[in-house]
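Two complexes are shown next, each including subunit A; its partner changes from subunit B in the first to subunit C in the second.
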Partner chain A sequence: MINEIRDAIIQYLKSVMKENDVVLALRSSSTPGILTPCILRNKADLDQIEAGFFHLNNLAVYLSEFFQKENRLSTLQGYLYVLCKPCDTKAVTQMISDQQINPNKLKLVVYACEGMADMKKVKNEIGLDKDIKAIDLHLTELSLTLLDGSPLSIPVSKVISSKCLECNKEYHLTMSHVFVGDEKKWKSHPYSIATAENKVLLQDQKKGKDLFDQLKAELSACIRCNACRNVCHACFCSDRCIFDKPKMTVGFLDKEISPIDNILFHMIRFYHVAPNCTACGECERICPQGIPLSHLYEYFHRLMQESLDFSAGSSDSMRQAMLSYRLGEDLV
Partner chain B sequence: MDRTNTVIAFVCQADKRKKLISSLKSKYPALRVIPVICIGKLNPVIIFRLLMKEARAVILVGCEPSDCHFREGVFFSERRFFLAKEVLKGFGLNDRLLNIIWSNPGKDALVLKQFETFMQYLKETQIEKGA
Partner chain C sequence: MKTYQISKSQLKQLLEPYLTAETQLIAPSLNPLGLISFNKIQNINEIALNTSIPLKPSKSYLFPESSSLVQFDEKNPHLLESDISQKKQMLFGLRPCDLAAIAYMDSFFSSNISDHDYVQRRNNTLILGVACEYPSNACFCTSMGIQPGTSIHADIFLVPSGEDFLVEELSEKGQEYLASISKGWKEASNETLATQKNEITEKTSSKLIEKIDLSKIRGRLSETYNKDFWNKYSEACIVCGACTFDCPTCSCFDMNDSMISSSKGCRYRSWDSCSFADFTLHASSHNPRSSKLHRLRQRILHKFQYTVEKMDQWSCTGCGRCIRVCPVGINTRSILKDAKEALGE
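Entry: the complex of A and B
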């Protein structure tokens, strides 16, 4: 099933790709189960493309880099094709509405995603001290070969990402795109065990000092590597980021890594990102310390929807929530 | 000096506020009054840092949204400080420690009254670092 989709994507790209076109997609890497983003310029390279269960990256992040560095785009003669899961298209839409990217030279290739793996869950299943030699998907079973040669099989339902379990299979795009796969069939099988709307968040269960203490304990593991910032499509300040200039006017963050500084780091980051966050979950996936950042971004994503009636990634012509106002709003 | 006991007030420096600033300084010697051009230009990132590290509480005094000298400034800041308060709430901090007073210049008595109730609230609540 997954291979069918992959073949269909390659077939489609081969039929439309012209001489000057560029494809932004994923190919397999030396680490099993992890795909690497790649830029393909030749038709012959298209066979490298991988998609499906191990497509974890949100490739929208690379677009701002593509468009900010002028020399790259001005030399691009043809179109830029980007491989997207339907949930990644929200990020692209939000970046267009923030005027970070120009949709004229962009074409999205959206495919019928059947859910993606959570490599942290896989690691927990096999044990932290063991490593994977090979990994493969067979319908509903994930068959693994460990480094010592012993085979293992895990049902897919155990290692599927929690984000995919809440997927309502909706996406909204006005720009030019192609859906690879059967869209009707894809929409008729929602996982939807728990929808995002009626989800109970950490902030609903705990308040005040209990909440602060739990977050402090979780965030004290943060080593401030800035990976969550670099992988975020909403963090598009690139070289003008506040965390890169600690001696700007006020030293916002001390260089020492203390729990209070870590909380301050994430406070500032979520204050900046909250209006643009589409809750894609990349920051949690990339975190090397395994900090459950979903406690935070889900809260702010819901907050923007409920109190400001602003859903990031729903429209490409909407003014960002912090750059607009309504008369007579009595917020504070 | 115990830094966790300081209270910082950012006051919009509209024409008729000079009296208010001087009376605040004489009434609360421990209060640090920082005049700003427009409260809409204040970056909430500064407030986060103050609340986490240097100050017990932050008070903002700004003109009412429809009377801002810079026309739009306070409309934007209304949403911005709303989000700042929600960030504090989302991290389990007391969002009342960021007190925002909307008042037009010339209504000094009202502002002083609100300052008094807030100072009373600070006295009553326990000093807990970070909460």
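Entry: the complex of A and C
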């Protein structure tokens, strides 16, 4: 199934790619379970493309940098094709509405995603004393070879990302795009590999927890490396970020690590990106300390929906949730 | 120097003296986020040795993420030295790669100019290594000339042997410590120790995904400076800096002043990363490493070229943390292999 989609993507790109066109996609890497983003400029390289269960990266984060560079060098003569899971398109839509990228030169290749892996769950399944040598997906089974050569298979339902279990399969795109796979069929089915049992568990976990206390405990592990900021598609201040120049903001927020500064850092960051955050979860995946940042970002993402009727990336209407006011709105 | 053979229950005797209020024992254990990391241990049973190395190295206990260096006060014209925790500590459960990393950090922080802060913490630290039986898929220590079963860079080195541990004294500090607690311990022969070390080295090495022969490119990596393969990796890099923060030998830091109250303040240092754009930003706004290609190449060449030129040693120990943590699959081993290929070796 996954291979079919991958082949269809390659076939499609081969049929449309012209000279001067550029493809932003993923290829395999030497690390099991991780794909590497790549920029392909030749038709012959398209065969390297990988997609599917191990497509964890949200490629939108590369776009603003890519366009800045290409605009400066005026090297992009053709189109830029970007490989996207349906959920990644929210980030692209939001970046367009924030006028960070120019949609005229952009074409999205969206495909029928069947969910993605959570490598932390895979690690938990195999045990802390073992590690993966090779990993492959066969229908609904993940077949692994461990370092000592022994084989292991894990049902996909156990290692699918929590985010995918809650996916409502909605995405909004007015810009130029193509859907690879049968969109109707994809929309009408819940993830075939996600089980109802998993869904219930997930909702229970989130109920009745005091978020602030939980955050305080979780964020105490933060080492303020800024990785979550650097991977965020909503953080597009690039070299003008307030956290980068502590000398200019003495007394505002130091680089020094303390429990209160850690919370302050994440709170400032969150309020700054709240209108642009699409809860893609890249910050959690990237955190070298393993802090479950999605709790925070999903929570605020939901709050934005409930109180301001705003969901980042759901339309390119240019409405700025935190900068505009609508009559009757009681929460500012 | 003696070698002892102790049972698992005797391991308590080895570690317990550091479980007091005035001292701290640091060892790998499961943290509240469900990951193995180097934590302060309250109870010996928390220690988790049967796992691959923790993602975050133990360097923060010798070189903290942020620490105050001097304090100043408007009313008092003299700088006050910050109190460095005088707590004696034991770092337990470090594998040969991490021990080699500490040896590198020692030479970095105390060879030409002695770093007061680091040296003071280091002098208060007793280091206990353990032979490595649980590699991860990112490990490549054997490529960097490190043997997973043995090390010389610890005070005391433990080699698992069935249900027991062989305990090797490596330094005077270690010898002194063991003399105070080893009453009634069984001594073991040097042959037993050597055989067991070899066995573990062999077994663990066989589990590693690959061994890259770097002998022919040692000191030659700068010849790859303008090669194309750097592009392939740098275009994928998102400059998150996680590789440098999880690296046991990355020692770059930044210094800033922070006000504690309106008249009191301190100068502190915090970890920095050569991956970041503002790392080399000049006051004139010129940046000699303006693109991520420059910065990724700098990180790799620093580990594999510049320290070879300056200190005659790699500053990579093959622990593989940069590979494990990289969210975009940039693999240091692949870079080395590409460099080898580009040099025609």
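Keep this in mind: the second predicted complex is superposed on the first by the 296 of 332 C-alpha atoms of A that agree within 3 Å, B and C clash if a C-alpha of one lies under 4 Å from a C-alpha of the other, contacts with A are read in each partner's own complex, and residues count from 1 in each chain.
Just so we're on the same page, a residue touches a chain if its C-beta (ideal position, glycine included) is under 8 Å from a C-beta of that chain, and two chains touch if they have at least 3 such contacts.
The shown structure was predicted, so the numbers you read here are calculated from the model rather than taken from an experiment.
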If we overlay the two complexes on their shared chain A, which of subunit B and subunit C does A:133 touch? Say first, second, both or neither. second
Of the two partner chains, subunit B (first) and subunit C (second), which one does A:256 touch, if any: first, second, both, or neither? second
Report the partner of subunit A that touches more of its residues: subunit B or subunit C. C
Once the shared chain is lined up, is A:44 touching subunit B (first), subunit C (second), both, or neither of them? neither
Once chain A of both complexes is superposed, is A:325 in touch with subunit B (first), subunit C (second), both, or neither? first
Is A:268 touching the first partner subunit B, the second partner subunit C, both, or neither of them? first
For A:296, decide between first (touching subunit B), second (touching subunit C), both and neither. first
Footprint intersection on subunit A (subunit B / subunit C) at 250
List the residues on subunit C that touch subunit A in their complex, please. 31-36, 48, 50-52, 55-56, 60, 65-66, 134-138, 207-209, 232, 235-236, 238-242, 245-246, 254, 256-259, 268, 270-271, 273, 276-278, 323-331, 333-334
For subunit B, which residues are in contact with subunit A within the complex? 44-46, 48-49, 52-53, 72, 75-76, 78-94, 100, 128, 130-131
Going by the contact rule at the top, pick out the subunit A residues touching subunit B in the complex. 203, 206-216, 242, 250, 252, 260, 263-264, 266-268, 270-271, 274-275, 296, 299-300, 303, 307-308, 321-323, 325, 327, 329, 331-332
Contact set on subunit A toward subunit C in their complex: 29-32, 34-39, 56-57, 61-62, 124, 128-133, 147-148, 217-218, 221, 223-227, 230-231, 239, 244-247, 250-251, 254-257, 282, 285-286, 288-292
